[in-house]
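So, here's a batch of structures to check.
Paired with chain B in one complex and with chain C in the other, chain A is shared by the two complexes that follow.
Here is the complex of A and B:
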């Protein structure tokens, strides 16, 4: 899910690039040498995984997985998604060069929100909380992206009001699917290789 | 899926011979100019210029059209939604729905600009090897950390694509058929998780291998860039074209009336 070239007007595009620059600088701070290959390789996985199609009736939709990027990479999710978008714009030839900024805010911002939601699991004590909060993070990631997209379209022009309704309606099944996939992935990773998951301990190391 | 955009970068043409630094700078600015256009005639002119530039590259038509099909599919909904949801009165009704020409004009403008920009990005990245483009970007003051990560991600995208295909094959061999149900969702969740675990373990091996080969956070390249007169002439030509289009656009040349919202 991303917006294409040619749709948005100049102020929105510029705001997208400016916001992306700020967020990228903030989330890339204190990056270790070791993290460069790690974040890039995991970005490649997400890039590939987002090609998976889930059948919905006669059609199919792509997984977005920006929530899972947040759950796995934490704050580094933003540069990872930015990378993925640049590669997508370059590799597929589907365009998107002028909207890299807006798309990065849309998907990367969603990933950061998903990470925040994911971190909330430390404050509750229920069984299978990784699955529950993974699902919530997956839903939050896509929902935030949908909201940013709606705002970007509406700021460009009121003529897009109809499009916005369409976009928001389309997001509802996507949110459900993403929540299910990210929840199940988070639960799986927690059982198999919990050190991949971001932000494992913040407060009480004894409880985990 | 044409993942390898640089498949035809070995062909010889004015675009392939152009210094990648100047090519990225010139066409990058041209893309920004296109993104700022507001009137349809100028956007169509930009589209023609973009097509002419691309035609110099000798890239095969099927290669370009394959990439374009994605854009067209993405933009088609705009033609269905915009004309029928544009606010205000309209005189024409199609199937009982109000049809606004203004909405149709916006959809057409969006479509033209998007196609023009995609043609330009084909001209940029289809005519140089990917790693050369990245080094050129680095010379253009793009942060080193970004270009390095892009090169890594690019390299491993193919590896994981293969890995995913293998996993998919083994799933279908065991009789998995994706359907619209919770079981499929859960399976895909585990699928992505497995892919992550495998790649995570691989990253550690990759990093150790790189360290042992002396990696210290920098890539060294044998690529050298050299801009000659011709390269600069092409650069100036594209920049002028972009500027002229923008000026004509903002002055409203060819535009019948002031466009209210855009």
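Here is the complex of A and C:
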């Protein structure tokens, strides 16, 4: 789920870089020293996860895990994904250097949405809500990225409208896979190392 | 937060990397690749994803050196598209596989062989002539170069033989090696390590100033 060089036109690329700069500056504010090792580990996980692929129809898609990055890192997910994408573009030609901005908004933005969905768990009182909201966050991360991808492709012309439906349809399996992976990861982390998960500040009053 | 030692994080990262790497070994990044070459009077284009799957129904657009569109077409089920050489010029062939996946291939004018290319065919003929030259039958070489039918057959045969080689070369160019993955993880820790270092220095400077202030 990376856009290649040469697909999008210049204004969209520039807007992507501008938006990325603003989001990176905003999400990097007041980063604590203790957060940095966690960010580097999760960045590495994100970097490697994109290298596993599943065939879907005429193409294949890889695990994105931006939902998991959002669930674990919170707002720091954006710079983590940005760094991962820069390295993927340089080392593997995933996407392209000129598209790093748009790709960062697509995947990093999805991670931020996933974090917001993850935070909603504080307002619900059900059992195993970490698994449920982890799964929802995983699904939301990919779904939002798919929407951004579709919008980005739309700017290149009406001819892409068919592609847009196709993009959304082809992401349904990966949304399910991501939901399962992120949900079980969040449940597992909550059981083993709950401190590692993001957004534990707002305590739900009724939760045990 | 302090219940975690940095070492624990690194052990975790190492374990995750070790678990994930074998799975990703033959299922690398998904990026569309292509190659194109002239085969007689035609140009042969093939698109494929980095996992080896062919890029079917991909839109192929051909531009000349001045960036004017020459022709447009779609790849078949094998991810292949063949078109006659529109004109003797350098070409930029763009293949769009949809979903934001696109790649391009530059085909320079001297790679085009076709009927109008006596220079290239002569060059090929000279090369083979030289290798045959050791058997001291140079007299035969000019006869061959005057035979257009034979030239065409040789071109076709060489084109067919070279196809898998071309393919593996462009695959090799895109190969994601284990070293690159490990290197990427190293870069992540390195870059964030530098960030950590700068931050830590700033914070110690700050605390020193605070001590002085008191």
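One rule holds for everything that comes next: the second predicted complex is superposed on the first by the 182 of 208 C-alpha atoms of A that agree within 3 Å, B and C clash if a C-alpha of one lies under 4 Å from a C-alpha of the other, contacts with A are read in each partner's own complex, and residues count from 1 in each chain.
In this text, a contact is a pair of C-beta atoms (placed from the backbone, for glycine too) under 8 Å apart; a residue touches a chain by one contact, two chains touch by 3 or more.
Keep in mind that this is a model prediction, so the values were computed, not measured.
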Quick check for you: in the superposed arrangement, does A:185 touch first (chain B), second (chain C), both or neither? first
Partner, of chain C and chain B, that touches more residues belonging to chain A: B
Per the contact definition in the header, classify A:177: touching chain B only (first), chain C only (second), both, or neither. first
With the two structures laid over each other on chain A, which partner does A:124 touch: chain B (first), chain C (second), both, or neither? neither
Report for A:88: first if it touches chain B alone, second if chain C alone, otherwise both or neither. second
A:13 in the overlay: touching chain B, chain C, both, or neither? Say first, second, both or neither. first
Contact-wise, after the overlay, does A:47 reach chain B, chain C, both or neither (first, second, both, neither)? both
Have a look at where A:37 lands relative to chain B and chain C in the superposition and call it first, second, both or neither. both
Identify the partner contact of A:153: answer first if only chain B is touched, second if only chain C is, both if each is, neither if none is. second
Do any residues of chain A touch both chain B and chain C, and if so, which are they? 4-7, 31, 33-34, 36-41, 43-45, 47-49, 51-53, 55, 83-84, 87, 91-94, 163, 166, 193, 196
Could you please specify the touching residues of chain A with respect to chain C in the complex? 1-8, 31-41, 43-45, 47-53, 55, 58-62, 83-84, 87-88, 91-94, 149, 152-153, 163, 166-167, 170, 193, 195-196
Parts of chain C lying in touch with chain A, wherever the complex brings them together: 1-4, 6, 9-10, 12-13, 16-17, 20-21, 23-24, 27-32, 49, 51, 53, 56-57, 94, 96-104, 174, 176, 180-181, 183-185, 187-189, 191-193, 195-196, 199-200, 203
Mind listing the chain B positions that touch chain A in their complex? 1-5, 28, 31-32, 34-36, 38, 64, 66-68, 70-71, 74-75, 77-78, 81-82, 84-87, 102-103, 106, 109-118, 120-122, 125-126, 130, 133, 145-146, 148-157, 159-161, 163-164, 178-180, 182, 184-186, 188-197, 199-200, 202-203, 206-207, 210, 215-217, 261-262
The answer for chain A against chain B in the complex is residues 4-7, 9-10, 13, 24, 28, 31, 33-34, 36-45, 47-49, 51-57, 63, 65, 68, 72, 79, 82-84, 86-87, 89-95, 97-98, 157-163, 165-166, 177, 180-185, 187-189, 192-193, 196
